[in-house]
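Once you scroll down, you'll see the structures, which are given as structure tokens.
In the two complexes below, subunit A is the common chain; its partner is subunit B in one and subunit C in the other.
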Partner chain A sequence: MDITINEQEGRLVAALRGDLDNAASSQANRELAPVFERTDCDVVIDCTELTYISSSGLRILLNIYKHTRTNGHTATLKGLVENVEEVFNLSGFLQLFNIEK
Partner chain B sequence: MFGRHRIQQLVSQHGDSTAQQLVQTMTEEVQRFAAEAEQHDDITLLAIRWNVDSRGYGGTGARGREDTPASDPASVFSRTPVPPHPRTSDDTEGKSEVLALRASMDDIGRLKPFVEQAATEAGITGKEPARLRLAVEEAVANVINYGQATTITLQTAVRDRQLTVTITDDGQPFDPTDDSPTDLSVPADQRPPGGMGIVLLHQMTDGLRYQRSDGQNILTLLKNI
Partner chain C sequence: MKADEIKQLQEENEFLKKEVERLKDELVRMVSRNLDLSERLEYDVELRRRTEVAREIIEGNVERQRNADLQDDGQLMAIIEMRLEKDRPHLRPDFNAQALAEMLGVSQNRLVQLFRHQTIHHTPEAFIDNLRTLEALRLLREQPNYTIAVVAEEAGFANVRTLQRRILEIIGMSPVDYRLMLTKDL
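Let's look at the complex of A and B:
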């Protein structure tokens, strides 16, 4: 699991690479902490290279969604591969987040 | 399933038996356990009794196993023929692999190669191996997070065009097949926390069976081939 965070066009973009399984989720939680320190911008979770996600990863993303919405900003999932999109769909995430190709 | 636990129990209870007696006892116990259930596969038993002599070596001394006299009843082999039963036959039928995990998230990484290889060898292709891996991970994570188990054992088997992954743990009783399903009509951010793993476990498999036996949870995930 590899995570990078940067700002693009006024949005905070967190790019997730690899498998976000239960073994990776505590590391992911730590590395995504900067997202929770920002209250002033929209957040994009770039999943283009996210190959796998389980419920522990979903919980982290749900917390990002709640944090971002609480501050009046949007939360977007970008670039979902098939397996990952199915999990987001079953979880009801596609109805919550904005979706970008 | 009769299971390794029962086998271990029987062997320790009948430690004084001859190999012949042990095979006899085991066969009777399996038949008693199966009762009227239809036999799916052949039953093979091999019992070996290792007689340790005063030098601390096995009774056959320095000779190799091949040299063991045929009259020495140290090992007894018993085989029950397969009853007539319609079944598919291919190379993967009956193939079984076992993986023992510590009940720790550090061991979760070992699931991927184990499950995906079993799926691929069973002829499951496309996105299905990854979906099965997710189901297995959710079941195992649940045991680690809530079950207070010490060990978790996975066993795969192929039978009747299905791959089964049986997860056995010694933790608190928990039946994920009995869990009231998460109400998916409630928006995800308003649902009570947790429960998502169980939803995925159900969605990513073609069936689930649960049994509590000898202080163990035995959860079997079914995947059509």
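Let's look at the complex of A and C:
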């Protein structure tokens, strides 16, 4: 699991690469901590290279969604591949997040 | 559009916005609950998988231990046969399972387990009795001048009655009939 965070066009973009499974979720939680420190911008989760996500991974993204919404900003899922998109769809995430191709 | 209509639409718009937010809150709660269930399910599946792996390891260990025990049993059985053949302690009437265990330096329980798995006689007593009976049959064949009482004593039987019973069980005739049969064959 590899995570990079940078700011693009006034939005905070967190790019996730590899499998966000139960084993990787603690590491992901730590590395995504800067997202929770920001209250002033929209957040984009770039899933272009995300290959798998478990329920503990979904939990982290749900917390990001709740954080940005509480601060009056939007959370966006970007570049979903087919199998990951199906997981997001089944878990109701596609109704919560904004979606970008 | 009249000002009051615009105001009404704005109010409806506000209401719908609030309704959307309320529904989103509700959806977040439902998604969160689903994740709780999914995590529990994943935990159960993982626990089941680990349990299965542990079971396989335990079964493998039990099998290996059983094989090791069998090997030890085989060695112990070979030692018993060697000692009995060399010292022939079973020809003494007081030689029993306890004496055999003491001779070998093992517990009587160990012997009981060993004979249950390693011999057709199933008990140490039956095994010793069988050796005495074989010795008695040999004496009946090779020592025609021995009385039945002497054969019983020499073979390690405590009394003639036991010798008669054992020989009858094994060959289906009494010691006297066995001797008569051998004489007829000659």
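We take it that the second predicted complex is superposed on the first by the 101 of 101 C-alpha atoms of A that agree within 3 Å, B and C clash if a C-alpha of one lies under 4 Å from a C-alpha of the other, contacts with A are read in each partner's own complex, and residues count from 1 in each chain.
Assume contacts are C-beta pairs under 8 Å (C-beta built on N, C-alpha and C of every residue); 3 or more make two chains touch, one makes a residue touch a chain.
Not measured: the values here are computed from a predicted model.
*Asks:* Once subunit A from each complex is brought into register, does subunit C clash with subunit B or fit beside it?
*Replies:* clash
*Asks:* So which one touches more of the residues on subunit A, subunit B or subunit C?
*Replies:* B
*Asks:* Just subunit B (first), just subunit C (second), both, or neither: which does A:74 touch?
*Replies:* Neither partner.
*Asks:* With both complexes overlaid on chain A, does A:29 touch subunit B (first), subunit C (second), both or neither?
*Replies:* In the superposition, A:29 contacts neither subunit B nor subunit C.
*Asks:* Is A:52 contacted by the first partner subunit B, the second partner subunit C, both or neither?
*Replies:* first
*Asks:* For A:66, decide between first (touching subunit B), second (touching subunit C), both and neither.
*Replies:* A:66 sits against subunit B and subunit C alike.
*Asks:* Please indicate which partner A:19 is in contact with in the superposed arrangement: first for subunit B, second for subunit C, both, or neither.
*Replies:* It touches subunit B, and subunit C stays clear.
*Asks:* In the overlaid three-chain picture, which partner chain does A:83 touch, first (subunit B) or second (subunit C), both, or neither?
*Replies:* After superposing on A, A:83 lies in contact with subunit B but is clear of subunit C.
*Asks:* So which bit of subunit C gets in the way of subunit B here: 38-46, 92-100 or 146-154?
*Replies:* In the superposition, subunit B collides with subunit C along 38-46.
*Asks:* Return the residues of subunit A at which the contacts from subunit B and from subunit C coincide.
*Replies:* Touching subunit B in the first complex and subunit C in the second, residues 22, 54-56, 58-59, 62, 65-66, 69, 91-93, 95-96 of subunit A appear in both lists.
*Asks:* Which residues, counting only subunit B, touch subunit A once they are in their complex?
*Replies:* The contact residues of subunit B facing subunit A are 105-106, 108-109, 112, 127, 130-131, 133-134, 137-138, 141, 144, 184, 187-189, 191, 193, 196-197, 199-200, 203.
*Asks:* In their complex, what parts of subunit C are in touch with subunit A?
*Replies:* 24, 27-28, 30-32, 34-35, 38-39, 42, 46
*Asks:* Which residues of subunit A touch subunit C once you look at their complex with the stated criterion?
*Replies:* Touching subunit C from subunit A are residues 22, 54-56, 58-59, 62, 65-66, 69, 91-93, 95-96.
*Asks:* Going by the contact rule at the top, pick out the subunit A residues touching subunit B in the complex.
*Replies:* Result: residues 19, 21-23, 26, 52, 54-56, 58-59, 62, 65-66, 69, 82-83, 86-87, 90-93, 95-96 of subunit A touch subunit B.
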